[in-house]
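Report on one structure; see the data block that follows.
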Amino acid sequence: MFAKVLVANRGEIAVRINQTLRTMGITPVAVYSEPDAGAPHVNTAEQSVALPGSTAEDTYLNIARLVQAARDSGADAIHPGYGFLSENPAFARACQDAGMSFIGPTPESMAALGDKLRSKDIAIAAGVPTVPSAPACQPGDRAAAEFAERWGFPLMVKAAAGGGGRGMRLVNRRQDLDGDMELASREAQAAFGDGRVFLERYIANPRHVEMQVLADAHGHTIHLGERECSVQRRHQKIIEETPSPALTPELRERMGDAAVALARQAGYVNAGTVEFLLDPRSGDFYFLEMNARLQVEHPVTEAVLGLDMVEWQLRIASGEPLTLRQDDIAPRGHAVECRIYAEDPYRDFVPSTGTLLSWRPSSGPGLRLDSGVVEGQQVSIYYDPMLAKLIAWASSRELSLRRMEVALSQFVALGVITNIPLLRAVMQHAQFRSGEYDTGFLEWNPAVTRPAISDETRTMARALAAWASEQQSVGMDSRFRGNDGKESVNPWQSAGQRRLP
Amino acid sequence: MTTNHGEMREMYPHVGEPYRYRTDAAEGSLTFQIDGGVAEGSHTAITLDIESHESGEGVCRDVSGRTHHFAWAWVGPELHLWLDGALHVFQRAESRRRGRAAGAESSEDVLAPMPGAVLEVLVAEGDRVERNQTVVLMESMKMELVITASRSGVVHRVAVEAGQQVDRGMRLLELAPEGDGGD
Amino acid sequence: MFAKVLVANRGEIAVRINQTLRTMGITPVAVYSEPDAGAPHVNTAEQSVALPGSTAEDTYLNIARLVQAARDSGADAIHPGYGFLSENPAFARACQDAGMSFIGPTPESMAALGDKLRSKDIAIAAGVPTVPSAPACQPGDRAAAEFAERWGFPLMVKAAAGGGGRGMRLVNRRQDLDGDMELASREAQAAFGDGRVFLERYIANPRHVEMQVLADAHGHTIHLGERECSVQRRHQKIIEETPSPALTPELRERMGDAAVALARQAGYVNAGTVEFLLDPRSGDFYFLEMNARLQVEHPVTEAVLGLDMVEWQLRIASGEPLTLRQDDIAPRGHAVECRIYAEDPYRDFVPSTGTLLSWRPSSGPGLRLDSGVVEGQQVSIYYDPMLAKLIAWASSRELSLRRMEVALSQFVALGVITNIPLLRAVMQHAQFRSGEYDTGFLEWNPAVTRPAISDETRTMARALAAWASEQQSVGMDSRFRGNDGKESVNPWQSAGQRRLP
Amino acid sequence: MTTNHGEMREMYPHVGEPYRYRTDAAEGSLTFQIDGGVAEGSHTAITLDIESHESGEGVCRDVSGRTHHFAWAWVGPELHLWLDGALHVFQRAESRRRGRAAGAESSEDVLAPMPGAVLEVLVAEGDRVERNQTVVLMESMKMELVITASRSGVVHRVAVEAGQQVDRGMRLLELAPEGDGGD
């Protein structure tokens, strides 16, 4: 096992990795940019290296500096977390070249899976369903007509060399097919110098369901069940749960087998996640991509399986065999995760910055908090606005959603605007509770992105605001952290006299 | 029995008209009279027992015994009130900027809505802009922000340039005065 | 199921019960004394009733007031928590008389188990081993000599009517037996007007191992495995773990069967705990007492079994059948709990009071915090000084102890003195780590109750104290919660210039 | 380069002699010279990078890169310093009560070591008490506290009675002066 691991990340995931490293008796080394001096991911480490600069490019994305920091601190491995350089094959290779282990897959399989076309080829080779498509074809081709015949409308036209939405069109009606293919082809020619287009089936309102995979360096690969991640804003997940309400045991087994087959085909080692689009009507699923790293939402898997994913990442990276068999994987109860963002859910999710004046997370049975911030900390403009993840576990889906809702209602956060009220509204939402939701959930339910405050609550808020404002006027809000040599006064103040029953 | 009164204004999640309040303390409870706000001329009253804490947390109980957890902090001139999981922002009515009509959205300036970096300034001094026209692109927390003009007018001054870091509320552009500033 | 439950308790256990009530959609009603106005057990409830007064007698021990509060608030059941009135049959009966369910066993079985002699009779009737004893006898009796012959020395002489240590003596040598019995008998006569004494085997340095039992009202009783509670100070547990390092599967089964037999014999319904003394040398175990309530340390059982004990208490009290079978009880991994007290571990555990100026618990994977306090709260003289419980879970005992140790080292608590450094020293202690410890652990290892601070740490502490003292002098410790209309300044201060690598 | 100096005293967990410090800020780090304390005349030095936070938390790093989490708060005249999970209490040397020799345990008064209720006063005015003799029983947080005399002497005054609530540091008994107060 490693003796010292540099965590090339920040925020909640770096804190979380530090926790497992220390639990395993491994020394964590933190790196930090200037705005992160003194942040929790530094003070939960045992050693730290400053990265000059503020932007991600100068610091957490700076391969040369990170490798140098690892070398200087005597680390024998690097954990990339998620985001930043976690899926950058050049970083993985630079770590290896510097004689350190990279905690993740090989640069080769990472590179293959990072390329959309190559990863689709891997899936096809592994017999994993991908979204049906017709090979590169011309407007008016027999192949195009046959594909349209087989799959119906709407259809997607995509540029073979495409990306970023250019050369891509949604075709709603048969009579538009040739015209739209022409248009897409011209766009693709203009954008990429390559006018080839192909047709792909359009999956309307899919669910996003992913399978967690673990593979060791000795050829043993298993899956750890699924996560349902269909509640998204701007194509970013905000709520994840396991088990998925959409999966039958039979479908779970088929998706799990597909994920394992794909990982094997890619020569994958360590923890990875195979993302699928699931058509909830037909039960068909299609390979979307494989994330060659630890996933943000891994804690829900940990909660129902009773294991530590980072512990397994470290064991596998150090060459230990994966001693878990597929039969050992027996989920217990249900877990849900909410991502707490510094953003305004009522103003198009615009990020919010400021000083966290209060940060008092709920705690108790079935709750876990992975937090990257502490009270008093500055939430800066420089990085992702995710502050923390709250995970609730209970014996059933109904109870875990309610446990989460209660915990959100008790989570005091002041100083920046957070998305907590939105998360809570989703937990309370009848459609979400029913389990019958898809990636269009927020779109179909715009009411949850509008404040819903009862007249009674509003009156109470106004009264309390008036009261708090008066408190300040009469100086009751004075700092209780006294340094005047006197004992602190009793910090509880009662409004008016004590009530008698 | 002591009485206080004053005027507050809701800023978030709803921006509302100012409301007047009167507080009467008696029998261990506080009775709040709330006038105006949601609909001008409306009047509501609520009686609460409040237990509070110098660290900015408290609990209040209405006459039915229902119990609510709250917390508060001042963010500059704004009173941020957390109540049972939701954020409400208020200002003292008297602390609003003088010379600016309450509720008016118009301004001579285009301000940065949050801290970040200027990506691109899309207009130059002397340009005519329409209301809601995109004038500046900013980047903040890995997001692109589109800054639009709050009214039609002529750009009097460009206060920033691409690449510059700006704080929240910092002026990006100044529009030439036009009439009395009404929209 | 109940609609509204009054929680007749305070502190962490009332908060924890509130959490499960709200998770199950049941309205919790809090009661609170004057010093507890605004405490977390009030603000995590949805309704509350003030109890005038400060002392426990006036408030949380006041049966009439509590029943009245439950009636007034419309509660249909009362949860007593632990301590206070939780094992008071008169309270259970008063709840029933007022038409409300008491969440616990019947007053009858509670009364029987609360009496030491009757509970020993129940154990014997159930075939559960008790500490061997000779019936009431006189100095010089043949029965006394035979008992001494059989079990050897040391022996205990106890008053038949005894209690509180009076009429009790440890007899170390044969030649002292008659004299010590005389002395004990005279003491007992003086104290209780009843000079009968008996002999009991002395179990030296036992381990304290208890079995958790669940029984429904339909005759179904199971056990949920054991908890090892041998680390005690002043006969009060401070650290608990499960599984016990002392139990073999065979011993676990025998103790579990004994606990179930005893609960059945007592007609026990709801959650209860059968405490045993275990002689780690012989593997013999002896019934000590049965706690007819929820136990402080129940979270370690929840952690390894993946269930919610309070949820089951409520289901059983509302008449639902216990659907768990004995075969369903399959512990996963290992869990340890530390009780965080406001007390000075280096000054004979003297309680500490004051204002909690900082309270920043560690959090993350495998950690659970059940807390009864928040930052800024006054820790008063009126009640038990336990502030919170921290629970760590991991896949193995070694990892869960280390996870706990790391979490303790990260747990910021200022304003009152806590026992956190002692708990941490136990987690690091070789004997504790080995699992070979008994109830004499702290006695045999007095070093853990003395501060152990390296010269290096001491120098760093002195330097930081000097620094913090200077910070105050130059006014850098100013309140950051500004109300002056200006934006808060960046709360991060750097000492000197920024370092370059 | 700026230099500060002063004198502090450890109060917990070890009560030590006062120590003097000198702080030199240079090159982004602070170097502390610590004199006295553990053994009079001892001298140690440590160089730290310190990042701190107005809410009373910080992180420091020594020259080897080892990183430590700390927090602090003032409890009356005491500086409570939390460092990597352990509490250390300090006072400024100058803030100690004048007229009382540093480190001396003797006093004219028997004080309540913590808040609580007086259960029983075991001595009366005029009684002769020996050092470590139990003079008062108190109850606090469900615990019985045994209060002993810190020196031999004669009880000059009994300041409390059974059943009374007392705060920390409140005088329970006063002993008659005896010589110069030395032990």
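Which chain is which? They are A, B, C and D, in the order written, and residues in each are numbered from 1.
Here is the rule we go by: contacts are C-beta pairs under 8 Å (C-beta built on N, C-alpha and C of every residue); 3 or more make two chains touch, one makes a residue touch a chain.
These numbers come from a predicted model, not from an experiment.
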item	value
Lowest number of touching-chain links that must be crossed from chain B to chain C	1
Contact-richer chain pair (by C-beta pairs counted) among A-D and A-B	A-B
Whole-Å separation of chain centres (CA-atom averages), chain A against chain D	49
Chain C-chain D separation of Cα centroids, rounded to whole Å	31
Whole-Å gap separating chain A and chain C, where each centre is the average of the chain's CA atoms	38
Junction residues of chain B - those touching two or more other chains	51-58, 68-69, 73-75, 168
In chain C, residues with contacts to at least two other chains	37-38, 43-44, 49, 354-355, 357, 360, 374-377, 410, 472, 477, 479-481, 483, 488, 491-492, 494, 498-500
In contact (per the touch rule at the top): chain pairs	A-B, A-C, A-D, B-C, C-D
In the complex, chain A residues that touch chain C	15-16, 19-20, 22-25, 34-35, 37-38, 43-44, 49-52, 65, 68-69, 72, 299, 302, 306-308, 310-311, 332-333, 354-355, 357, 360-361, 363-371, 374-378, 393-395, 399, 402-403, 406, 410, 472, 477, 479-481, 483, 488, 490-492, 494, 498-501
Touch list for chain C against partner chain D, complex	342, 346, 350-355, 357-358, 360, 380-385, 408-415, 417-418, 420-421, 424, 451, 453, 455, 457-472, 476-480, 491-500
Partner chain A, residues of chain B touching it in the complex	4, 6, 8, 10, 12-14, 19, 21, 23, 25-30, 32, 34, 37-38, 44, 46, 48-58, 60, 62, 68-75, 79-88, 90, 92, 113-117, 140-143, 145, 168
Chain A-facing residues of chain D, complex	51-59, 61, 64-69, 73-77, 95, 167-168
Chain C residues touching chain B - in the complex, by the definition given at the top	29-30, 37-38, 42-49, 73, 374-377, 481-483, 485-488
